[in-house]
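Okay, got some structures for you below.
Below, chain A partners chain B and then partners chain C, in two separate complexes.
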Partner chain A sequence: MNAPLLSVKDLQVTFRGDSGIVNAVRGVSFDIHDGEILGVVGESGSGKSATAYSIMGLLNSSGRVVGGAVEYRGENILGSPRSRWDELRGRRIGMIFQNPMACLDPMITVGKQLREAAQCHSGMSKAEADAAALSLLAKVGVADADRIVRQYSSALSGGMCQRVMIAMALIQKPELLIADEPTTSLDVTVQAQIIQLLDSLRKENNMAILFITHDMGLVAEICDSVCVMYAGRAVERGSVYDVFDSPAHPYTAGLMKAIPSVEAGTRSRLVSIEGVPVNLSGLPGGCPFHPRCTFCEEKCTRVPPDTVTVGEGHTCGCWYPLKGGL
Partner chain B sequence: MGNALISAEHLNKHFTVKSWFSPSRTVRAVDDVSLYIDEGETFGLVGETSCGKSTLGRTLLRLHEPTSGSIVYRGKDITKVNMRPYRSRMQIIFQDPAGSMDPQMKIGGLFDEVLKANGIGENTSDRLDISKEHLQMVGLKPEAVERYPSEFSGGEQQRISIARTLILKPEFLVCDEPTSALDVSIQAQIINLLEDLQKQLGLTYLFISHNLPIVRHISDRIGVMYLGKIIELGSSSEVYSAPLHPYTSALMASVPIPDPRSTHKAMTQKIHGDIGSGSSVPTGCRFHPRCPYAEERCRLEEPPFAEHSPGHFCSCWKPDAAR
Partner chain C sequence: MDKTPKLKDRRSRGLGPVGIVSIVILSLVVICSILAPVLSPYDPMQQDSTSVFAAPSSAHLFGTDKFGRDVLSRILYGGRVSLLISFSAVGIAGVLGLLIGVPAGYFGGALDIVVMRVMESVSVIPYILIAVLAAAANGFKAKGTAVAIGISLLPEFAIWSRSLVLNIHGSGFLLTERAFGIKNAVIIFRHVIPNIIVQYMVKFTNAFSEAVLAATALGYLGYAVQPPHPEWGDMLAIGYNSIMNGRWWLMLFPGFMIIITIISVNLLGNDLSRIITGHTRREGGGK
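For the complex of A and B:
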């Protein structure tokens, strides 16, 4: 395989909170190759967003990367000077967020914001930038782009704002797009349109996408590979086929069973994962999942598990990986 | 309708939006809705944001006064009556449980307040026992009465809010997106709890959610709402496996299937755009601007809400088009 586009190695992130230091990300590693869509799934507090923000150098003032490396085409970009970030962010790596309304300036027209994004560090003229904005809006499925560019974000629907934000992130043709729950606040019919759009853009530009979500359905739908996070660790990594066919970590298996299927006919009881989501400021010893795990053994309560290989390109952080799913 | 616990006839709820800068508009949040819910049944209400599903739920409880139409509860018209005797029998749980709890009060105090206001329990210790008993019913420890709402996770808070509604012994419970704010692994716990309580206590639910798989799982019958109207209604299995309305089929097709080998892809669906606003409902069929099968008639005339097979209703001129 070629050298990865982005390689996250043993990333560790802490946040300063009211009750002391919280270890939000505790040794996460993964690679993304050109044109690949990697899904990062996990529940609240799993560290998925903190991982994404670290890659972009966008952690807020209470967050700090305390270990590991983020290599972009072989170059460690963590701790780069501001000027290097300016070259990367927006131009090489784009990002879209869960709440598009909050990311657009309500006082500036959409067209002007797009023009700004296009001109930033690119030396494009006003006319070129406007033309690029219009053609990109059309590409992301905005039917009447001429009218939309003159509007303010408050006049647009959530789906339309998300399209504008995607256009803004893509206007300088980044090689990597980080999408942090891009469809969570949207309705399913609009979500389907956005997913379709991301998939076609990936094919056209050979763009890689780091797709952060909590929805296993979406992962199955567009991702090539998946990284399941729990309590700041990547508990399982592999291709979508391997992970969905034979989840090795009890948490991954539990997540899949907890989703009711639209196709299921009978009103069978849902299989839930017992207990409560992990609290990062009071992590249990040993494997962080052990209090909720049905397969927990004595060893799990004492020693944090190593990451083991369970198949080709399929790894799992569990002392007793499941064989052939549940 | 054999044992309808609650029913609505031609129910309307319109809101007038006033603005200094533009003429006031009328939003038809609930537009001529008729439905009944049998005793012990779970009726699911699905639809996209701003389709009026929450407003319908609240109007049924008369937390919003209906603009017109009637609501009948146990055979009695309650559209105009004093709701006081009905409040404890008809309850609602919300998406954000913490929003309905005073963060400064311990759980015990929150329960005590409700019990006192409704004259249940003779003295403080009696009320404390009732509170503890109900916390155990929802799978929490009785010691929880000594703690504050913020000490609990989202799933536990939802359990507490369910316990608090149950102490009034309701018959009818409107569940307004009760699992939407919860993590996937916790959602299943709450759904299972609601199902267990229904069996134990014979509760009747109106279950409102935009999460189609969950509604499919928990409901006996389902109504699909679009811009204030129920456009399809039928048994849960029929609405999901043989939808009549093009909007319902598009909605079903949009749900991603958690199987990478599935040949069905949500991406291949045909409808575009989004739901629009209740203040400018399109003429004719309200779905026609997004409908891939729309023709002249759909633009001009509103289709009737017709029964296509026993108990399966749909409001569409071309109900088989999407098949």
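For the complex of A and C:
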């Protein structure tokens, strides 16, 4: 296997909150290779966005990376000077966000913003930048690009804004695109289009995508591998086939049962995971999932589990990994 | 009759009648001050021992003072000083407040804490004290008065711009700009400031009326200008000494000018902030 494009090693992030320090990410590791789509799945508060923001160096002032490393092509980029971040951000690692309508500056036209993104790393002239913007907009499926560039974001639909955002991110030709729930605020048909778009762009440019979502269905659709997060830990990692065919962690298995499926028939009930997501400032001892786990044993309540290998490239953080799938 | 909600109606319309009247009065005051050399019937500093304390008449519309100087001319010229001091003070505070408050709100952290504590410290220094110090160092000059008032207004502007930045800080586009590797200075000048500038301006009218009040108060105390030059506050002080002798015109006219200027600025500000934010500002203008 080639050296990974981006390697996150034992990342730990804390936030300073009103009720003290919250350990949002507690030792997450994963690799992304060129052209790979890695899905990071988890509930709200599982630390998936905090992980993404740490990679970009965009944690807000209350958040802090307290341990671990983020290696971009072998270089640890955590703690690099601001000038290095300016080179990395946008140019090497692009990012698109959850709420595209809010991510475009309401006071300037879409075209000007695209031009700004195009010019900020390359020495493109205005005309070159505008031409690049128009061709990219066409590529991301904006039919009347020359009209759209004169618009303000308030005049565009959510799907259109997200296409513009994707075009803005792609204009600098990043090697890695971090997509933080890019389709959560869009309606389902637009969601499918955006997902297809990301998939085809990945194939064309051999761009890696870190795809953050809470939708297991989307992960199955476009991801190559998946990292399931719970309470700031990566509880299961592996290729999409391995994880979906034989989930080893009870939490992953629970998520799979909660995906509605057409084949299951109308009478079958969706199974939900009992209990509520953990409160990160008051984690239970032992395995953080144990209060909600149907397979919980005495040991789980006392000792946090190690990460064990359950298959080739398939790891799981559980004392009693499930065998043979669901 | 249409039955659309009233709030929406109020917002979409332009200036209301009160706003229009205020802007007319204010324009008149400003135009009269600018055109003082043309409009003044007399030289404001020319003394005339033959008509001392003359009551208003056709020769002297607003009467004369104890040196026989024409009050009307002094009001026209005095307005130039009072308004210029106020405009400069608000301009100084407005620009510096933006340059100080925006980075504080944008970068946050230690910079924010230090800047805000400094601003709070400045805000407890009375402007009169700063003006006295400026006068002691520099003589009684309008420039020193403007700077003193500007400094006293500065914390208000800096805190306001910082809070406006914090309002938009959570919104996605600033994060997006950073994620695209756009430099902070570019983000601040091209994205942050354009997004807050309209709301920032709401503060200007309020501050302007405060500045007029402060300028005339300093004039009254004798710190605004060198004595023979006219200034509204200074004229009030002169008038105060003779009001007991029934010479009402010395105090009435400059007092009236100060009051209508402040009232119309405040009413205009109320109307503008209604248009911009959709509801009437609760806080009053000049104290």
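Following the convention adopted for this analysis, the second predicted complex is superposed on the first by the 324 of 326 C-alpha atoms of A that agree within 3 Å, B and C clash if a C-alpha of one lies under 4 Å from a C-alpha of the other, contacts with A are read in each partner's own complex, and residues count from 1 in each chain.
Simple rule for what comes next: contacts are C-beta pairs under 8 Å (C-beta built on N, C-alpha and C of every residue); 3 or more make two chains touch, one makes a residue touch a chain.
These figures come from a predicted structure and were not determined experimentally.
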Put the two structures on top of each other at chain A: do chain B and chain C fit, or clash?
fit
Treating the CA centre of chain A as the corner point, state the angle out to chain B and chain C, nearest 10°.
80
Check whether A:C296 is in contact with chain B, with chain C, with both or with neither, and answer first, second, both or neither.
neither
Does chain B (first) or chain C (second) touch A:L322, or do both, or does neither?
neither
Report for A:A69: first if it touches chain B alone, second if chain C alone, otherwise both or neither.
neither
Please determine whether it is chain B or chain C that touches the greater number of chain A residues.
B
According to the stated criteria, A:D86 is in contact with first (chain B), second (chain C), both, or neither; which is it?
second
Does chain B (first) or chain C (second) touch A:D105, or do both, or does neither?
second
For chain B against chain C after superposition, the smallest C-alpha distance in Å amounts to 5
Identify the residues of chain A that lie in both the chain B contact region and the chain C contact region.
none
Report the residues of chain B in contact with chain A in the complex, numbered from low to high.
48-49, 153, 155-156, 183-189, 191-192, 195, 210, 212-214, 216-218, 237, 240-241, 250-262, 265-269, 271-275
For the chain C and chain A complex, residues of the former touching the latter
108-109, 171-173, 175-183, 186, 190-191, 194-195
Going by the contact rule at the top, pick out the chain A residues touching chain B in the complex.
43-44, 141, 157-160, 187-193, 195-196, 199, 214-222, 240-241, 244, 254-256, 258-265, 267, 269-274, 276-277, 279, 292
Of chain A, residues touching chain C in the complex
56, 58, 61, 85-91, 94-95, 97-100, 102-108, 116-117, 120-121, 165, 168-169, 172
